[in-house]
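Letters A, B, C, D and E name the chains as they come in the text, with residue numbers starting at 1 for each one.
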Amino acid sequence: MSAVLPYSIAAAALVALGLFGLVVQAAVLRKILAFNLLGGGVFLLFGVVARRGAGAGATADPVPQAIVITGLVVAFAATALAVVLALRMHQITGAATIAEAAEDGFPDK
Amino acid sequence: MSGTTPGGWLLVLALALPVGGMLLAFALGGRTAERIALGVLGLGTVLAGMIAAEVYAAGAPLAYRLGGWAPPLGLRLQADGLAAAMLLTAALVLLAVALFGRAAQATPPGVQEARAPFTFWTFLLALAASLAAAFLGGDLFNLFVALEMLTFAALSLACLDGRPSQFRSELRYLFFALIGSVLYLLGTALLYGAHGTLDIALLAERAGADLPTLLAAALMTAGLLAKMALFPLHLWLPPAHAGAPPAASALLSGLVVKAAFVLLLRLWIWVLPPVPAGAGAPLLAGLGAAAILVGSLIALRQERLKLLVAYSTVAQIGYLFLMLPLVLAGDPEAAARAWLGGILQAASHAFAKAAMFLSAGLVAGALGHDRVAELGGAGRAMPMAVIAFGLAGLSLMGIPPSGGFTAKWLLLTAALGTGQWWWAAVILGGGLLTGGYVYRVLAGSLTAPPAAAPRPEPPAQGPERVALALALVSVALGLVPLASFGLVQIGRPILGGAP
Amino acid sequence: MGGLVDWLLAALVLGAAAWTLAAPTGFAAVVGFVGFGLLVTLAWVRLGAVDVALTEAAIGAGATGVILLMAVVRLRGGAEEVSAATPGRAVMVAAGLLAGGVGLALALAVLALPDPAPGLAAAAMARRGELGLGNPVAAVLMGYRGLDTLLESVVLVFAVLAVWSMAPDRRWGGIPGPRFPRQEAGPLALLARLLLPIGLVIGIHVAWVGAEAPGGKFQGGTILAAMWVLAWVAGLVQPPAIASQAVRLALVAGPLAFLLAGFAGMALGEGFLAWPPGLAKPMILLVEAAMTLSVAAALALLVAGPPERAA
Amino acid sequence: MTGAQALLVAAIAAPVLLLAACLWDGARRRMPGLLWLAPLPGLAAALLAADTTPLVLDAARLRFTLALDAPSALLLGAAALLWSAAGAYASRYMGRGPGAERFALWWLITLSGSLGVFVAGDLASFYLAFAAVSLAAFGLIVQDGTPRARRAGEVTLLLAVMGEICLLLAFALLAEAVQGPSLAIADAVAALPGSPARGLAVGLLVAGFGLKAGLVPLHVWLPLAHPAAPMPASAVLSGAIVKAGIIGLLRFLPADGALSDWGGILAGIGLLTAFWGVGCGIVQANPKTVLAYSTVSQMGVTVAALGMGMAMAAPGTGMAVAFYATHHVLAKGALFLAVGLAAGSGGWRRWLVLLPALILALGFGGLPGTGGALAKAAVKPQLGEGLVGLLAGLSAAGSTLLMLHFMRRLIALEAGGTADRPARGLLLPWLGLAAAALLLPWALYGAAGLGDPWEALGKDPVAALWPVLLGAALAAGLARQDRWLGAVPEGDLLLLTGKARRLGAACGAVAVRAEALLRAWPIAGLALMALLLALFGVMLAAAA
Amino acid sequence: MIGALQGLGLLAAAAGAGFFLAGTVGLIRFPDTTSRLHALTKADNLGLGLVVLGLLPFAGSLGAALKLLLVWGLVLLAGGTVAQMIAARVRGTEPGA
């Protein structure tokens, strides 16, 4: 089982890096990247779990593998959505961060 | 437990119907989407009613084993009292919002298909599908997919108006929700690694107070709290909910946050062992108390009506968390009360808040603004909308007879019964502050309009009636005999109690 | 030796991740991320999860990389805004400590996982024959946890519509994404012409073998989507108008087929999402084909973005 | 369901049904003219259904119980009479139009609650009725829409909600004290003395009901609200609505000596209130405000009697206190109606108003022969002896002084022209109610089991008379001291709240700033991670 | 036992790795875009070619061998195209280079 140790640590460190980036990075694009790093860490952890559960002729437990495949697709969809939102925000307001929250009420006519 | 019960097919229909409806609405487009949505949501209400009746009659949860595979390998759908009650609440609110949307979100004449109406109707179905998946799912990863569906649907509904200022607040919402999702997913990875299953019923048997389980619970809870916008994680909620069109706001505030709460209950009441859960619950309830007080206080000082209502949601979410330490206190009688109180709070808040957002939207639409200080004349121009707002407000305050009152009464007596009087103080203080902001709106709208103001255009009767009907349901929940709420107790694990 | 490779790979993954965070420009960061994705793909191979490795390469690194690269080009400027919004040292330190704390707790929890690991490998391997599938991951995706896959394919439809709905009102029904000039000659046109037929074959092949060997609809669909994006960028094809009925049908074909198959299972077999005995393999392949089409369409349209031009 | 029980249902159902009828335009337009009908079933119930077997609807579930004991019946009858007379008065006074229709709606809600508190037999229905009467009164107070009315309404509403909160908590404690799921008031009261949270529960009950009854220092809303409302509304506010507090105290505090310590405290608060009301009242210029302070004072006496009864475990206290309050319902209601008439009539007809008013007014001081004298006699067992007796006498003297001051302010109101005749629709309810206030106590004294009224009055005429004479003498002495008028603003103690409000505003501003900080992206992110780790740590520590 | 073919294969793969190394050094050390491109494409195409060549003797079947060659071919195609496009871009933006 020692083979999974490097990846376990990498997964934990990726989660930490991703969280750190999501919190402190200001640019939207960097936040999206940090989210993907964070997701990568989570998926890698599933990989560790899958590898630890290898057996019965499977090189890794197929259930976590399937979960990661599903998760990767969902994460991609989320990334695409975030990118579109960021582009539209940039296009309309020229902003590249989400620093200030726009307090939004009913639009004044 | 893992087998299919009689009536289990209802669960499949409750999920497959909105999923199929959404796909068809998306494919066929335009006005057809609206027609499909109305039909599917109507049928969905019937189904939800049948499920609730079936659960109540059987006195036991319904379950359906998908594809014939038994957990842990396979997945199952299940409806206990909690799921049945929330499903019915969601179905009714969705149907009401759909009826409201017939006027507000109609495809304009002369075009085949327009962006906002098409998005609204399709995502209305999407939301129904996501909520059904979130309430009926019995597997933590399946519930993750449901949460993601919910996030996408909610985000798109929040963006419906397409105003420039919205993209920034929606982006904040998306990022925070995504962090929440990822933390939740991380928790499921640990749970699978530790117990080899993600089925809730099996985890309830296998999970102990070991390190991976506890960290998983903390991660998943934090993720769900981010999605529920529990104070102090509420940064995204006010702008997102206030910036959406009224029909969307009603759904976001009334239903979407509740789905994450159901997951939280599954985690805390089913999966977590009582000892660590009992230790963590006061922390969550403390945040809930802070949410009630701070949220109400901020709502009291808002200048915009829709933001006021949104902050009211921040506060009302807090009440849900008060049930945790009460349910976990180990007193079976108080636990049953607190459980019912919490779920009743979720349901009555869903109706009341939907009514509030709809009526606030009508008022804002007719006046052309939503400044609280300048609501004069609203009461005269659209009495039904203002009455709906007032009735909903009474329910939120906890004035009898209303669902909110019964909910708070149950929580109150459970708090006193378990010797945790401080939660009682919070419940009552929150009611007072709630009264303050509801009063501000009502008093403002009942004053005479400024002389120079143009006479506001009275809204159509139909939408006003929908708002009023929702408010009345929220009030009427307080008149239903308590015994018939025995439904929500079905399937709840009875805890031995923390030492 | 093997252990050293794993340590090295893990370190490289972390290094790429750190570079992605710290890179001086957005472009460099995205390039770092694509490199990160490829290294993670290797890690997946080392972890014995070839199916995931393929998906990671196709979607995690490939498709995500493409949309991020397209975004970085359009998100120019804003340096002052970014530096103004970057939090101060105190917040940085606090964030570092807290994130480090989470990572540490996670590492401890992973080390505390029970040995031997509980899991479902044996069960999943044992029963895949009932589905006529050789690849256990496919058995999980299409069989045991079919509902996940069904809902996930629905999520893709959600995402496409969500992306479309960000468009300005007047663009509704129009053509997504920027217009690329048609390149009659030049390297890109050549690449597109040469690669397209090969890519299509490979994509369909990857999707097809998924039943028995690593591969499947998501990986294959991504390759097909990539081919379409290549043709689009080379100006050979235009994205379809989002009002087009064909596009809508392509997007919902997969989930709808899955849903119908689920009901067929209710009628013929053990219940919803059950594959009728004997018919399992052909039905699964049919659904997988529809899903491949839908995945390819959804990924391509997600890359293209919201409608920007009139049809 | 027996006929008597049906009357109990009808007492509440009548206003509710009229309210429901307002959904139709035609009925709503006619409603101001029908208000006098709404309380009549309540009156019938008071006459015919006292001490009937409690009606338990839906025994297993809601525990929706209706009951009517003798003291409640007494008060219910008087309140119903006042509501009916004031309703008739209102139909003329308010005129027609949307304003009057709105007034009728609030009137009916308040009425249903006001009568409901007398017949509700379980905690939930009582709370519901109490909430209705407390909160809907707001609509009556702000009817005129003036800034003064609005402020009065807001203060009332705020305090009413706070009162509701006290009661809610108290009821929760009571429900907790009862063994089993019963919510019947009788069970709750029986369980109260043995409850571990007894002190807290009683304190909350006293605060919640005392607020409604106008006990110092929770009386501040009363002198603001009662004058601000239209005349008929003032009449029911001061006459009937404050009695919701009295009936609450009567029904929830066991009078059998089980809470004798609290009896003393209540008596002290009551006497303080009695003098406070007089002291603040005699410097008021507006006759309605004077009346409102008189109400404060009279409720003080009522509560003092109740408190002494509790302390001494005197038998019949409930009946005696209810009788005292009954007189106040009728007389105070009538006097408010008089204020509305005095301004609108001139010449000899003015005396149709002033003369009965003078008799009623002096009744509060115990002028022999009046209903007020009988009321005083009724609570004599509780307030007759020793120091308390002296204080009670002094407060009666104060009442005389206050009411003479009221008469002066009433006369000082600008009279109408000699030809102005009061509208018959106003005059008849007033005269009827005044007559009832004078005569009904004579009829009820015996019926209430208090003995023979003649005997009671004849017993010690000097003791009955000296407070009146002392009050009159003081009034004569103070007659020229108008410079004190307005020395105490309406709602006296409210002056002190200015600082509290500024403090509240400052706290609010701090909260707003802090919340804005928490909404900053990195801070929220830090909070999320900190929360995660804290949760993990807490659970780990508990599991270890 | 390693046959002669396999031995040659190992040598080729090692040489390929050497080219990769050189190419990477060039990528980092060369001064401008075009010369970096030169280092990268030459070294990588040749390096990968040698590696593929070296792996051919180890391929279990003809199909696997063909797949390896296909990989090389695709990389040549993609690498060449990208290099061309970068060069064209550089020529457009850096006059004189």
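In this text, a residue touches a chain if its C-beta (ideal position, glycine included) is under 8 Å from a C-beta of that chain, and two chains touch if they have at least 3 such contacts.
Protein identities per chain, from UniProt: A = Na+/H+ antiporter subunit C; B = NADH-quinone oxidoreductase subunit J; D = NADH/ubiquinone/plastoquinone (Complex I); E = Na+/H+ antiporter subunit G.
Just so we're clear, the structure is a prediction, and the values are computed from it rather than from any experiment.
Common neighbours of chain A and chain D (chains touching each): B, C. A summary of chain positions shows that the Cα centroid lying nearest the centre of all protein Cα atoms is that of chain B. Most remote from chain D, judged by the distance between CA-atom centroids, is E. If you compare B-C with A-B, the chain pair joined by more contacting C-beta pairs is B-C. Chain B and chain D have CA centres that are 41 Å apart.
Note: centroid distance chain D to chain E, computed from Cα atoms, is 95 Å.
Averaged Cα coordinates give chain B a centre that lies 57 Å from the centre of chain E. Chain C and chain D have CA centres that are 71 Å apart.
Among the residues of chain A, those in touch with two or more other chains are 15, 18-19, 22-24, 28, 45, 48-49, 52-53, 63-64, 67, 70, 74, 77-78, 81, 85-86, 88, 95, 98-99, 101.
Residues of chain B found to touch two or more other chains are 73, 141, 145, 148, 152, 155, 159, 167, 172, 179, 186, 190, 192-193, 196, 211, 215, 235.
Not a single residue in chain E touches at least two other chains.
Contact between chains, as defined at the top, is found for A-B, A-C, A-D, B-C, B-D, C-D, C-E.
Chain C makes touch with chain A in their complex at residues 2-3, 6-7, 9-11, 13-14, 17-18, 20-21, 26, 29-30, 33, 36-37, 40, 43-44, 46-52, 55-56, 59-60, 63-64, 67-68, 70-72, 74-75, 77-78, 81-87, 91-92, 95-96, 98-100, 102-104, 106-107, 110-111, 113, 115, 117-122, 124-126, 136-137, 139-141, 144-145, 148-149, 152, 155-156, 158-159, 162-163, 166, 216, 218, 295, 298-299, 302-303, 305-306. If you check the complex, the residues on chain E that touch chain C are 70, 74, 77-78, 80-81, 84-85, 88.
Taken in their complex, chain B has these residues touching chain D: 172, 176, 179, 183, 209, 211, 214-215, 217-219, 221-222, 225-226, 231-235, 272-273, 275-280, 283-284, 287, 294, 297-298, 300-301, 397-401, 409, 412-413, 416-417, 424, 428-429, 431-432, 435, 439, 443, 447-448, 481-484. Listing the residues of chain A that touch chain D in their complex gives 19, 22-24, 98-99, 101. Residues 1-21, 23-30, 32-34, 36-37, 40, 43-45, 47-70, 72-81, 83-88, 90-91, 94-97, 99 of chain A are the ones that touch chain C when the two sit in their complex.
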